[in-house]
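When the chains are written out, they are named A, B, C and D in that same order, and each has its own residue count from 1.
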Amino acid sequence: MNSPGVTIDRDVKTDELVINMGPQHPSTHGVLRVILKTDGEICLDAQPEIGYLHRCAEKIAENLVYGQFVPYTDRMDYVSGMGCNLGYCLAVEQIAGIQAPLRAEYLRIIVTELNRIASHLLAFGTYGIDTGAITPFLYGFREREMILDLLEMLCGARLTYSYIRIGGVDGDVPPGFIDKLREFIDIFPGKIREYNKLLTFNHIFMKRTTGIGVLSPETAIAYGVTGPNLRGSGVRRDVRRDEPYSVYPKLEFDVPVGTTQHGGPLGDAWNRYYIRMKELEESTKILKQCVEQMPQGPIMAEKVGRVKPPAKTEGYMRSENARGELGFYVVSDGTMQPVRVKVRAPSFSNISVLPEIVRGQMLADVVAIIGSLDIVLGEIDR
Amino acid sequence: MNELANFLPTVLSRSGLTVPSALIPVLAMFLCASIMAAFMGLSAAVLVWAERKLAGHFQCRLGPVYVGGKFGWLQSIADGIKLLLKEDIIPDQADRPLFRLAPYPVVIGVLLAFIAVPFSEKLMVTDFNIGVFFILAVLTVEVFGVILAGWASNNKWALLGAMRAAVQMVSYEIPMGLAILPVVVMAQSLSLKTIVAAQSGGALHWFVFQPPFFMAVSFLIFFIAGLASLKRAPFDLPEAESELTAGFHTEYSGMRFSFFFMAEYAGMLLVSAVASALYLGGWHGILPGQESVWWFLAKTGFLIFVMIWIRWTLPRLRIDQIVYVGWKVLTPFVLACVVGQSLWATLR
Amino acid sequence: MSPSAFASSGKPAAESAKSNFGEKIIDIQAVSSDVVLKIQPAAWKEIHAFLKSEGFDMLVSISAVDWIKENIMWIVSHLSDTNKQRRISVKTDVPRDAARVDSLASLWRAADWHERECFDLSGVSFAGHPDLRRILCPDDWEGHALRKDYKAPDFYHGIQNNVNLIDLDNRPPIPEIV
Amino acid sequence: MGVEKIAFYILSALTLGGGVAILFSVRLMRSVVYLLVSLFGVAGLFILMGADFLAALQVLIYVGGITVLLVFGLMLTGPSQFQNQEENRLKAITSGVCSVAIAIVLLLIVRKTQWPTGGVAASETAGGIGRLLLTQNVFAFEIASVLLLVVLVGVALFMRLARSNRS
């Protein structure tokens, strides 16, 4: 069997086949195109081609006032739009000197963590599909539905929320929201155990994902890989814990990192997947604390009005989105429109490491590796 | 079929038709073939519905609910009509004659195999004295159709799917064939009718429950290899939709696509039917003396349920793992079973 | 949002860079999030190499800011230290019509794609980059979108891009699909 | 008797026609399909003679094994090689001579052999073949098995050698 570290010997010399995987392919998770060079079933090289979803959102930002760009951010990482909203709003608040009230900060963390769970559930489900198990997807969507219902109660939207605004959030919680959230927090740990039973520790699944796409910590850092992918390689880095923002300093949670307990090396596809499963638990923990700690009070900073940061101010805001370190670099020239908004999308760096880790793997592993990186093309292409 | 041939003249004379006596066997053949084809189509339709319904319930949803009342049981008919009415697209660069030809071996292979399936003591097309062997042989024709489809599509994904199908078939034909041998040793015959007849007298006489349980192991191996030869999950690599888009039938649409689909479901029925005839006592009931076609169908249905259950639970294997399992796990085990059973049969 | 406690974490490294490189470092600024080393464009690569040896092992992003009135472009990189949780930023001014610095691709593999993106959208060229071509836009796209004087093309391969150009009364007939 | 005769002619036409078509088809893949047709014709002839065990064997081994392996080889070697290579006069002459020689030998055998006529085929051939293989023809059977075993070991050995040479 193709165990890690063993080079595959090719006894029969056969023709190399160049295959165009995508942009329309069921498991490229969007309009990613990968040019594969294969020898039979073995993948010799893979070059990702991106840009099929490019909208030049950064140019759009330069032509809008600060507040108007918020809806564009949740069309970047459309799977966890709240995280993008939060990152952008924090970046603008940082250079404009706005402080959101405490209740708003808690609400922000509640919605981003809910959205992180929803995003990881999608990653879990689609990873199941990538490896050939369809049922986990629907199990994951069952709970994702609850989260989307919760978020819909808050802001009326289920995918592109624009709930977080510069200086606070859009609206306070509707009646019944906290109860439904508590109910979700109560039932969710049991569901995570169910997922683990169904997929994570399934023998075939582990055989399929253990030891493939091994990403060493050095390579991961060199390529700027962040988020669960980096933590899967054993690097304990999480912006929420390392450089905490918002109310994260007041919250207690673990940062899970990759293990070798499953019998595979650090940084393989299974580890990357399993980090997400562990983070589901951590996010639930955070949600629980937030619900308990959330104070009463206003949800919007006073006198935000027209956001007009001073001229030539700049700020780079790092936040931990579901896929990794999301950076917003905002530069102001003293007008109501930013002169530059640079989005540092985590998936952009995460997918760039693909050629490095698929060489010599089987064709089926390419799919499993792309799935384990959990990319969102909306944010890669922006 | 012979009964049918004997029966036909009386029917024909009653209806007032005169047919030359030389044509009567031919007519009987045609009748038989059309009955089998209709049965296969119908069972495929039922199985498609059952699979969708079961998959729905496995996945916390309802499955088809609208077409044909509460349970959506007309769903597969609607699907069939949709597939019939769809445009039959042939890619520009495809090898057109082969592309058109490819679905037929697939269907014919499965259909031919049904000839030897004993539904009950009376209800079978013909009792081949090499029944089991015949089924194995014609099933390989199906794989050739699959390979042809993949090659003729002139699509790289389809080609990869076809290659996987070839590899899988070569690896699993051997354990599947060998798994039958312990049964043949016990029943002293290759005829499915004789094999089933040898298991009469209640559940304890079914081959799967016979000590020293070599046949139980070979039943498992037969079932696994059968899943692999049907290209069902977790062995659905030739059509792995998340890897090869749709594998060998990527380029097929409409009626030609539905042939592949039909063959898969008919194949499920076939493998389950053969397994229940070989190991689970065929038409014999749990208690001695119970004999009915319904027993046979119930056992077959249960095995089909298990197949569906497996498909909607397990992830897919990888090609090297499939080959590994086929050659290094199943083949040695089944060889041990054959040797063990033969020794048991001679020493007893 | 209070300024992050980590905003000044790059200060010691910046000071040591200043003592090492002297004139090549024009200024050490402190912005709301980072310590920014303002440097000469010619020293772009060696200062990054120095910072990498100081422990800033992750290149987070490379971006360019177009200041059309001043006729300059900023090229800004953000670095972080995954072990000690430090962050630092490096900035340099280059003239708009000769926006060019050395490539960092030999220091960080991440620079490959980030520089391609910067080249694609802002038109900055990176000397020594192994494969400097467009990454988000098609290869035959004209212009660099994030330049302030960029005009979107009216046509791209016959596809009308400018809404104002479409004559709504005399639109060409939609070709029939055979 | 009429039906059987018609079937015999149809099956013979399939067998021979398939063989001729293999010769004249340019694309290798199509030749494999024609080969399949020819092999099916032979299987049908076996059934017609009452040797259904042989027929099943024919399908199982030739269709399921040999042609699948042929196609597999074709698929692995790349699309440029799916066409027959250009004609080579020397090749054509040698293969022609060989074919004629084989044909003559076969025809001579057919003429010399005393074919049993009018006999009724056994109802169960599998058992008979098995008994013959293990009693009267056990030597030939063993020779064939040993030959196959040698081939198997030889192939494994060659692969090993090639592998160790490369690394």
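Note that a contact is a pair of C-beta atoms (placed from the backbone, for glycine too) under 8 Å apart; a residue touches a chain by one contact, two chains touch by 3 or more.
This structure is a prediction, so every number in the text was calculated from the model and none was measured.
Participant: Kindly indicate the chain pair that has more C-beta pairs in contact than all others.
Facilitator: A-C
Participant: So which chain ends up in the middle if you average the CA atoms?
Facilitator: Of the chains present, the most centrally placed is A.
Participant: List the centre-to-centre spacing of subunit B and subunit C in whole Å, with centres computed as mean CA coordinates.
Facilitator: Once rounded, the distance between the two centres reads 61 Å.
Participant: With centres defined as the mean C-alpha position, give me the subunit A-subunit B separation in Å.
Facilitator: Taking the average C-alpha coordinate of subunit A and of subunit B, the gap between them is 44 Å.
Participant: Could you give the separation in Å between the centres of subunit C and subunit D, each centre being the mean of its C-alpha atoms?
Facilitator: Comparing mean C-alpha positions, subunit D is 68 Å from subunit C.
Participant: Counting only residues that touch at least two other chains, what does the list for subunit D look like?
Facilitator: 76
Participant: Which positions in subunit B are in touch with at least two other chains?
Facilitator: 159, 163 - these are the residues of subunit B that touch more than one other chain.
Participant: Where on subunit B is subunit D touching in the complex?
Facilitator: Residue list for subunit B touching subunit D: 22, 25-26, 95, 97-98, 101, 128-130, 133-134, 136-138, 140-141, 143-144, 147-148, 151-152, 159, 162-163, 166-167, 169-170, 173, 190.
Participant: Inside the complex, what are the residues of subunit A that reach subunit B?
Facilitator: It comes out as residues 1-2, 17, 19-20, 25-27, 40-41, 128-135, 138-139, 142, 198-199, 202, 204-205, 207-208, 362-365, 367.
Participant: Which part of subunit D faces subunit B closely enough to touch in the complex?
Facilitator: For this pair, the touching residues of subunit D are 2-3, 27, 29-30, 33, 36, 52-53, 55-57, 59-60, 63-65, 67-69, 71-72, 74-76, 123-126.
Participant: For a test of understanding, state which residues of subunit C touch subunit A in their complex under the given definition.
Facilitator: 1-4, 6, 31-34, 36, 57-61, 63, 65-67, 74, 76, 78, 80, 82, 85, 87, 89, 108-110, 112-114, 117, 121, 134-138, 145-146, 148, 150
Participant: Which subunit B residues qualify as touching subunit A in the complex?
Facilitator: 55, 58-61, 156-157, 159-160, 163-164, 233-234, 236-237, 240-243, 245, 312-321, 324
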